[in-house]
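Take a look at these structures.
Both complexes below contain subunit A, partnered by subunit B and then by subunit C.
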Partner chain A sequence: MADPVFRSSVTSAETTSAESTSAAAVTISDVSDWSKCSVKAGEGTETAKGFAVALGTAAQRNGVLVVHHRQHEWLLLGSAAQVDETIHNLDRDGFVSTVDLTHGRMMLRVSGPRSADVLAKVCSSNFDDAFTPNRAAWGATVARVTCDLVRDDQVGVRSYLLLCDRSYGDYFFQSLLDAADEFAD
Partner chain B sequence: MLLVPCPVCGPKNAAELTYRGETHSRPDPNQATPEEWRSYLYLRDNPAGWLREGWFCSSGCRTFFTLERNTTTGELREPLLPGNKVAGRPISDGTEP
Partner chain C sequence: MSNHRIPDAPGQLINRDVPLTFTWNGRRLRGYEGDTIVSALLANGITITGRSMKYHRPRGPLTADYWDPNTTVQVGDEPNVRASHRLLRDGMNVSAQNVWPSLRFDLKSANRLVGRFLTAGFYYKTFMKPAALWPLYARVLGTFAPGGVVDLDAPPPRNDKRYAHPDVVVAGGGPAGMAAALAAAQAGASVMLVEHEHQLGGHLCWGDDTDRAEAARLAHAVRAAGVEVLTDATVTGRYEDNWLAISQRGLPGIDERLIKARAGVLIVAAGTIERPYVFAGNDLPGVMTSGAVRRLITMYGVKPGNRAVVFTANPSGDAAVVALEAAGVTIAAVVDGRLGGNVVAAHGRNRVRRVTLADGRRIDSDLLITAVGWTTPTSLLNMSGDRPVYDPEAARFFPWCPPDNVLATGGLAGDGTTEQLVAHGEATGLLAAARAGVVRHRLQHLTRRAEPVTTPEPAWPADERPPLPHGSHPALFRSTTHGIVDYSEDVSSKDLVQAADEGFDSVELVKRFTTTTMGPSQGKLETVNTVAVLAEARGETIEQVGTTVWRPPYAPISLGALAGRIHEPVRMSSIQPWHEAHGAQPILAGQWIRPNHYGDPESEVRNTRNRVGIIDITPLGKLDLQGPDVPKLLNLLYTNSWNALPQGAVRYGLMCAEDGVVLDDGVTGRLGPEHYLMTTTSSGAATVWNWAENWLQTEHPDWQVHITPVTTGLTSINVAGPDSRQLLERLTNDIDLGPDAFQYMQVRTGTVAGVANCIVWRIGFTGELSYEVHVPSGFGLFVWEQLLVHGQDLGVAPFGLEAQRIMRLEKGHFIVGQDTDGLSKAPVTGLETLLKVEKDDWVGKPEVVWALSRGDGPRIVAVQPTDPTVVPEEAAQIVAAGTNQILGRITSSRFSPTLNRSVCLAQVHPDVATPGTTLTIVLANGTRTTAQVMEHHAHFDPEGSRLRG
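Now for the complex of A and B:
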């Protein structure tokens, strides 16, 4: 059987140009092809203890970004192989469940020194370093779409991962593109 | 803008939460009279003063919680997770700092 083919929910033809024209101040890229898995684990389970990620933060664990964005719930982001391996090695004692969200959620990365300014136009969260430092994770509405946000700076450059339902993908991308327009070189 | 203090996320714009209205203790279904059920289901106090109301953090942590809000001044009292019946201390006047 052939490997499954990933198809992004961002179908806009402007995707490529948006990435290239806004590269200096802000870059918006579709990273929906990352593997995304939700893990729910009850309090006190070995799985919950094993992640050792505080609520509202994210951390790298064996190449997988583990995001503790809600109580008793974690999001694993990374390559398919590494996420699969992490899931395979989970301790299943107690209440532990996993759901693969790869094809149900879309994910954008907004990077660049002005990325917080772009998001501040369409989201009421406080993007100051004091409130949302690197590796902060939280839920909020962005451009009227309920999202999970993770600050995941890349080599010292401010960067955010935004996850929302796949069906909003095209609209969501276009909304961020509009918000980033004034920062394009 | 009304800043609502979610017990998990912290202060959030009320537009990011779902208002669930006045909350009352649910009467015992084996003991309640039809009048008590009717009152519980349909009647609201709508006081000018402190009101206990339910909120749902729909865009954040998905937590249901209750808090007390003064309907005349906008003051808020500490949010409570389900099962905690103790009235909270004042934490906000409901306006942006």
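Now for the complex of A and C:
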């Protein structure tokens, strides 16, 4: 039997998890193959204390980006091995649940000096540095799709991770490409 | 061809090194880069640019700016273009609108002959009877509708949207607006400056050398300070909490953009708009405002005529005299309104030929320039809740008391020299920046994800700006004769007087009755004259009459800009690319694109009944439930009992809303001790999730349950048919698929086609032996392809939604929302065994108990037409024989390839729900047919032996 083949929901572009090093005003990369795991636990539990990430922010913990985007919920983003390890080492002192969302959420990275301008065409959030600084995490509607957003600057370059339901993948990618069109070099 | 260009001079915006060619009503003409369409037309001696809406009187440029009501034209396939504002482009095809056969000889101008019968409100008083002729009236009147031609075959314009959150938005790029923007930016605020002309500067652009130098200085400083400058843009609306709609045009590749800006503080620096004068013949081509000729001469190098009468009551009129003389125009007379002079009438057929003055003089001229005062465009202040007040000494309105986050400056707020206006603008900018700082502090403090604020909230800065003075101006609105008040709507002062005589004593009623101020200029030129004429007619003051309320939009905005880009999300399963590549006919189900069939749904049914078929059912709602209290939640949400669901088992359940109406249905399987997977209908996925969360968070926060939607995390494939077990066995090695090991209504987890963490449950919507395989979606397409490869010899083939619907109907499964509706309480389903009234509580229980006790609700029954070839339409009515008494309706119907006959489900009155009852069905063509109520819902295999095999 053939080996299983993972496919992204973005069928109209090359799937890549490589971090962009482009000098373009904006780049959009499909990073859907990152491991994504939801952890739900009460605030104030040992699990929450272990993450030590304030609501509305994200932080790197042992190579995993821990995103505290909703009350009682954290999203772990990273390589499968590191996410698995983090899950394995969770301090489950009470009612804690985990769900693997790797296949259910598509994830795009929008990077570059004009990345906020692209997003401002499809999202009403305030992308000012004071309101969404690096490592801010929040929920918003982007091109009429409910998304989680994380500002995750890369080597000083403005960068955002956008996660939405996998089924919107192609539409969502095309919508961002359309918004970015005027910033193409 | 006439050439009305004057020599190059400082201040001109045209580039004579770049000539442009365009056509006007088919005539080839030339202009220059930087010209507006109207300046190019006038330079070519074209003075008639359109016809009026109702009387089709010839019209020419009046204000020669954004608000000009007489210069709306068609450009290519784009109607209603403001020719006094739109910049000329090479190759433009420009034509007059709403004329036939031509602009010069417009037959519709015959309306002028019957003008006395077309007075205000005539269409409210005529065309009333007979009502039967309304369609004819509408068709005839439609030919008189103004506006250009919409070319439905033309490519659609490209419009988009943008969101912005500037600290300060300045509406108006004149001296005060620029100074305000500059001061605010230098104080650290983020500033957006919006100017509806193509360049900053406002009235300084058509002033003297000193004015233009100051405009250039400010414009340069504004940009250097990092202000975001939007030209050819308009703040069209101000809404709650400084939510602003800004229309921006002229962007590369984008026809019009709507910016939704949330500003900390809005500065309104819209300046003033020169008001036309009302007198006989005031709409003849050649009658212009002083600002119009100053702009045409100074900015575009156009000589607007040869011999002018200037009626002036202010410095702008005086400056127009100077500009006209410099352009070589003969000044036939200067009539000073400040000294009691007045204009009575302009005469001419297609343009001004002679002017009659109040002193009786009749002067030959082809230009009549008026400078009679100003209108303050307070629209954005009105939209903010302000009610501007009239100052009779200055003969115009001024702001009264706008909210704290809206500030006015510039000519809107008062008069003064350029220095005074700039100083007021600077003070306003500083105040705005300080107030915006407070707003920003509050918002940042309230936003968890924002940078933390460490300083206490600053005090709200008081407004300590010294006010601008109000200059004195004679009150000149109407002469001793009547003329046009609203040029766009062809409303005269006589119409307004008549409206007042008919009892329309409120200015708001007069507006609606006569349509004055309702045209494209949105009252900028007409409102004050309307009020003045009405005041005169009623013997009252302007303050007593008051004004109409200016509402959004400040200026018309295209519907395309409001729509923006078409963001219509569509959802696709991981297998959809395969469906498309293999000829599936798509169907849109909610947001989902699904394969309806692959060419022959009946063949797909036969293959599935006889061999094995696979269908992509990914949209099926799926919720991951975890926690020790999941059974409590299930007992609350479902009507049946969930206390003893063994691990590895699956159970069907029905959900009701609180009114007892069927909300959704589906199955839930127990994957682990505290781990469950719930499925819902495809359309009900989000509803059920929200509903369940609502119960948990509001009524039972103590229950330990976590719900996570996983609908598209799992690609769902139904493998159905007699050979489905054989096929699946080829792809699994860690799940025992034997009929005893894996029974009907059970669930297993394992590896399918090498993909781990798959969930397989044995249930059957089609009525066949079947397995629902839920695969991590990244591998969904891979597993689908493997099923096809490994089932080739078994005859595996995909089937679509239509085949599934046929098979479920053969099996008698109802669909929530198809066979039930918004009034269908649970007993309608006939599933009484699932309605556990002995349970403590479940959502909808009281209503369902009541409905059960009444027993008079409709029932879902299986129905088979007497004539097996007749397939009644869905929603066909069921009536009592020989009457029109409605007893129910067909809810689902198909021709069954399995049974070779038509099969239906229906909702019927309980009196006719008994098996064997003969029903009468009214078909869509009006004929009637009969059908019989069946014993079971299932038309096919009612014992269920196939799915339990």
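As a working rule, the second predicted complex is superposed on the first by the 169 of 185 C-alpha atoms of A that agree within 3 Å, B and C clash if a C-alpha of one lies under 4 Å from a C-alpha of the other, contacts with A are read in each partner's own complex, and residues count from 1 in each chain.
Criterion: a contact is a pair of C-beta atoms (placed from the backbone, for glycine too) under 8 Å apart; a residue touches a chain by one contact, two chains touch by 3 or more.
Predicted model, so just to flag it, every value in this text is computed and none were measured.
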Worksheet item: Of the partners subunit B and subunit C, which touch A:Gly50 in the superposed model: first, second, both, neither?
Response: neither
Worksheet item: Once the shared chain is lined up, is A:Arg70 touching subunit B (first), subunit C (second), both, or neither of them?
Response: first
Worksheet item: By residue count, is subunit A touched more by subunit B or by subunit C?
Response: C
Worksheet item: Touching A:Val99 in the superposition: subunit B (first), subunit C (second), both, neither?
Response: second
Discussion item. Contact-wise, after the overlay, does A:Thr11 reach subunit B, subunit C, both or neither (first, second, both, neither)?
Written reply: second
Discussion item. Quick one: is A:Ala140 in contact with subunit B, with subunit C, with both, or with neither? Answer first, second, both or neither.
Written reply: first
Item to complete: Have a look at where A:Ser124 lands relative to subunit B and subunit C in the superposition and call it first, second, both or neither.
Response: both
Practice prompt. Report, in rising order, the residues of subunit A that make contact with subunit B in one complex and with subunit C in the other.
Written response: 55, 124, 138
Response to the item:
subunit C contacts subunit A in the complex at 160-165, 190, 251-254, 260, 262, 440, 443-444, 447-451, 565, 567-574, 577, 592, 618, 624, 626-628, 704, 706, 708-714, 731, 753-755, 757, 776-783, 786
Worksheet item: In their complex, what parts of subunit B are in touch with subunit A?
Response: 8-9, 12-13, 15-16, 57-63
Worksheet item: Which of the residues in subunit A come into contact with subunit B in the complex?
Response: 55, 69-71, 124, 138-141, 146-147
Worksheet item: Which of the residues in subunit A come into contact with subunit C in the complex?
Response: 1-9, 11, 32-33, 38, 40, 54-57, 95, 97, 99-105, 120-133, 136-138, 143-145, 165-172, 175, 178-179, 181-182
